[in-house]
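Structures follow.
What follows is a pair of complexes built around chain A, which joins chain B in one and chain C in the other.
Up next, the complex of A and B:
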């Protein structure tokens, strides 16, 4: 029943809670900044900081307590209506929130926080209230002993803990069956903070004592962030051997213990038990506060903090602002699971999908008719497999909100260092994406945001000149679109200066002078390695190596980046990503005897090549007429080096591929086998980069098939049938 | 007259009745018990000690538990029992 280190666990959950509180703080500050705040918003911010302080105090994290205290003091001024916040002040509060975030991280990782980095922001913050620094210092010192008494009243609720009143009366049989309340009480203590009361009323004189009877009962007040079922689990083995009541207390003010005087006067045993004067020396109810070993928590009389607090308002506020904790009977049960275990499950499900494909193939090969029960059951099995797969993927899905909040900080920091005023608008924060995708998006997105602030947005003077507001706006949005996630970073800056881009590209020899380029081709130059438009290298958005690295990172995620830009109006980068890195809907095709998988998302339609639709272009290449336009024709077998071009492609199967940026190509394959979901098995680790290939998969017959990377294939198409839309434009 | 009694290591269910008998045998005297050796304090054992403390208090005899092992003190606090409940000062006669 005893976990190896309960304190470490509690500490870990404190930091998880900190993340939630910091998120709430950020949300609140953003609302205040947007003018969408009410009194409660400020309260939420205050409570978030206060709760962090409370928890930090319990764990002796002095740096955190000190900062949170001074931050909270200023927030309290706002709360009390003595300090009004303008935009700059809110920015300052946000910066302080960023520092708070850093200190929390440092405390978590046991890293010392550099006070010199913290102090200036704190001073600036305190200057808002005109509070003298000496006073503050004193207050902090004064504050120390109070930490926990405050925490006692507010912390329990603020940190999202729930209070339970547990009444536990063992029956005689409980002991007889080898159970012992001591272990149960100890286990409860490991779930959170407990206050245990033992009711001694039934203890008789020794001469009347039945030593093996059950005479004691307990009332335990438990403050915990654990789910109710975890509490119930503690009593699992004594079910039916005791009377048990578990009640969730809604407010945090302690009920006035109505049975306290009653029991102390228990009339039943007055006859032969203690005389009244002795009652004082041996009070029938003794109350002890039980804290976990190691917790530096000290208790103060609970009446003091409770009476200071407007309990009902607070409690109701909590129900609105904290995570929806549901009704007392059904608190939302969550489980923290190691990512490793989930990975294992995902892999197993992948194997299941492959296995099911093999089974389907065997059934088909056995010549079992489609309307036989076996085939029908298999159909159901396939559906079930798909459902399982979707559910497993959902476990890893997380809203992009945390990622967006990190970006908000990037905007704040980069705009501050460039002296630009920038507002970040986010949209679709609840869009869920695979956790691994989110993690790997942080770097490219950071780069894009910095680029947008640095290069995308004009200086304040230019903006005013152009009739725009001085404050630039960057929009970050996420949405699900046809089985993919689309994340957009847009700015309302001057748009891409295509003349300049072109000039630089020519100067650097990236394009030939006089070569005609479409607008999107010009924009795409930004993604070329070594391209930089910034006249001076700023330390902010790197040395112009950014965008090609960004594109590479996105492509590694199976995604595509696309730019649209309107002069004077702004630029928008759109990233389109697969929802997960584990499975893919693909079309299984054959080229030069090899089985390959083409991601379904990139295929617009399938056609048949006919003489009348094909036109020769140059010495080695042809284009295919698709309705009103010509599309370069690529032979997949040739592109991958499996064979030489065929003399005649009449009657060949063609996949019309469209990339995110609108580039289209006609890809010739020999045969289309089927359309199905495949499990992605990475090649990067074992083989490294293979041109035109994204990954591999295992098909139903056990054969390994390569999964194409259309973006890479089309951009690196360099065989005899090489056609690029740029060349086409020149030719046309 | 005063008596002393050393408590065994385990005060669990099997130990409860013998303990009650041993303590009952010392009734009428001031009693000092040593809980120094106690490693496990079970509810049945605790009940005997609580009852004894009450009985001694009713008799006006002093009842004390000294010294106590760390385990004993810790387990007492888990039970939510104040050590005062396990002592009786005795009445000045």
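Up next, the complex of A and C:
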């Protein structure tokens, strides 16, 4: 669409709607697959595809219309109960949904869709219905006669052409809400032959003309073989914005033309042949269909929905009541908001939090007693600020469902290419996570899912041998746990072959031969750079992107990954993530006169260093004995280059830091100030990367404080061997 | 010398904000200046170049501070309350320049700009893109882009 902004905007919102519809389609198909479907589920799927097609038609997205139309046709067969779905058929439908998704994306990005990727699936789809050859004409195959043969009792609606008189008088609100009668008239024209007459009688003199008034009305005579509700559907969006009368004119039918040779060339041909095999009683009707005047009629099936169910008015009414009363989780009212506005709000609230902290500090410095009204009001203000902050963060939160659906597709595709049968079970799809987290989680999760299908699950033979069902199962779940989101990817495969992992790690020099490793240590080897257990580099995994990259991207999100594995039972990866990237729970500490924030998640406990539990190790480093283990001692001030090591650390405050790979360190700080939530301010954009520092924040006194990145800090402090620290010179 | 030809092609006056760093007088194009603010103690950034004094809070954003005296290798006293920070936007990055004092706003015709002479010390010439004379004093026009902290060097 080359039109400027307004059209582009509508187009954009169409694609947003498409996403929602595709989601509904996926949901429906999943339900069908699980056997939890009723008629309404199929209806929802059909409607989703149908709506996409409708919108696509309006924007002239031919590829999309073509595919959606043929997909919809097959779905309609299911809807009409003429086609039963088995597991394979549902899988096929899901594949088709994936393709539909791709085409929608391509249309959005103005990319040509590769027909070779689409055709095979379409053919398969159509073979389900015993459809005819995959000729181009096939897309307009008209299945109506089959419908008829089943539903003759339902009245004369579909028996050839009916003449309707439609009186359409828009109200001014119709125009005010951006509707355009021309489109409606065009849509009517697609239903059949129309004679349109515009009534100009209401137009006053130019001097009295009200520019925004609605003065025109139309009278349309429509000859169509469509059901009445299809006509009503055209007016769906202007309901209540116009006066509309649809009246059926009786006693009309076109005399059948005896021009049979021509019929064989029109697109409806294949349908007719099916129909005539099926129901010998119907030929005159189909002939009626085909002999209607003009090119308009022959085009009709191409752009308009083919064969609604026999009593669509009834069906749609039913679907609506079911949607409103039947489903327990009726979607709540929503508003679409530009993400930028939300970002701005989030930023402003961040400012508010900082300002409030500054105010508290000033009040405290002014020596106002804590029981004074000012201090009490301030307390309340703080509470409110906190509530506002939480609520604003909630705006950014999104259910992980869309992410999970993408993963369902990854499972389908990877299992198909490996020839494994895999079922994906998802749980906790409604769990809400910050939008950015969801976006940035897609890649690592994709990788983990592929890994699970490729490496996690055994081949069908070994599964049967092990007494498991041939079909592998991957579980993807999300849940909120103590202020964090935990996402788990588990499979019921063979579990991690620790011997093999170890052998590979030794071979690659990642561990020393004979070094003793606990089970979890061995599992953690998978996360080391340059580790891949796949013997042959398969298409799916082993592209050089290893689990180390997965771990890195999750760490970048402030998250951690753990593996648990039981031989013979399966492997489970659990990702724990912060709810938001905008705030962080941290411990405000002081080192070398500077205030710093240590993420609370990495601190296990706080200790006091004493002579009796510090041991020198090597020339310039020490370890701290924590119960029965030794932990390298690091001075935060020294690590950041703020000062030289002190001569004696006796009595120093120590934060015991544990990373998710189990690495522990004892971090010496001068003082612990408080534990609080801080607003994260990126340092990357304004300054750049700082070793050991993740971001910055602004404290109550208006000063910038740096937020530590423990992983980075420890790795740059330690180098390869964990027990040496070059910078640390502790004269013990 | 591209800089010079570019300057001469523009017939209009150039408005410059002049300021003092140590004993020398420098200036920057006023269009790149966002605001001038008083001294605030910056939070030092670990492992940064010595001329990066740290970051300050500029109404909620984190602003890196470049100590111009150190950047230009001039020996001056330690920064204190008398110093000011010129907040300037260089390409897409906002940076605070720590200077001794802001002196004036001057309109100088482009024709009066001259390229800095060839100097033996390549390093010093890099920061100054033009020279001009104001009331008998030499005014140096800073090339702001060269003043920016060098990321690749710092990320050691």
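Before moving on, here are some points about what is shown:
The working rule: the second predicted complex is superposed on the first by the 417 of 732 C-alpha atoms of A that agree within 3 Å, B and C clash if a C-alpha of one lies under 4 Å from a C-alpha of the other, contacts with A are read in each partner's own complex, and residues count from 1 in each chain.
The definition used in the following text is that a contact is a pair of C-beta atoms (placed from the backbone, for glycine too) under 8 Å apart; a residue touches a chain by one contact, two chains touch by 3 or more.
This is a predicted model, so every value here is computed, not measured.
In the superposition on chain A, A:212 contacts chain B only, with no contact to chain C.
By the touch criterion defined above, A:711 lies against neither chain B nor chain C after alignment on the C-alpha atoms of chain A. When both complexes are overlaid on chain A, the residue A:170 reaches chain B alone and has no touch with chain C. Applying the stated contact rule after C-alpha superposition, one finds that A:198 touches chain B and leaves chain C untouched. Once the two structures are superposed, chain B and chain C can be ranked by residues of chain A touched, with B on top. Judged by the touch definition given at the top, the superposed model places A:185 against chain B, while chain C stays out of reach. Contact residues on chain A toward chain C in their complex (touch as defined above): 347, 350-351, 354, 594-595, 639-642, 681-683, 686-693, 696, 698, 702-706.
Remark: chain A residues 170, 175-176, 180-182, 185-186, 189, 195-198, 200, 203-207, 209, 211-216, 218, 220, 272-275, 278, 281-283, 286-288, 290 touch chain B in the complex. Against chain A, the residues of chain B that register as touching in their complex are 12-13, 16-17, 19-20, 23-24, 27, 40-44, 46-48, 50-55, 57-58, 75, 77-82, 84-85, 87-89. If you check the complex, the residues on chain C that touch chain A are 40-48, 54-57, 59-64, 93-94, 149, 151, 154-156.
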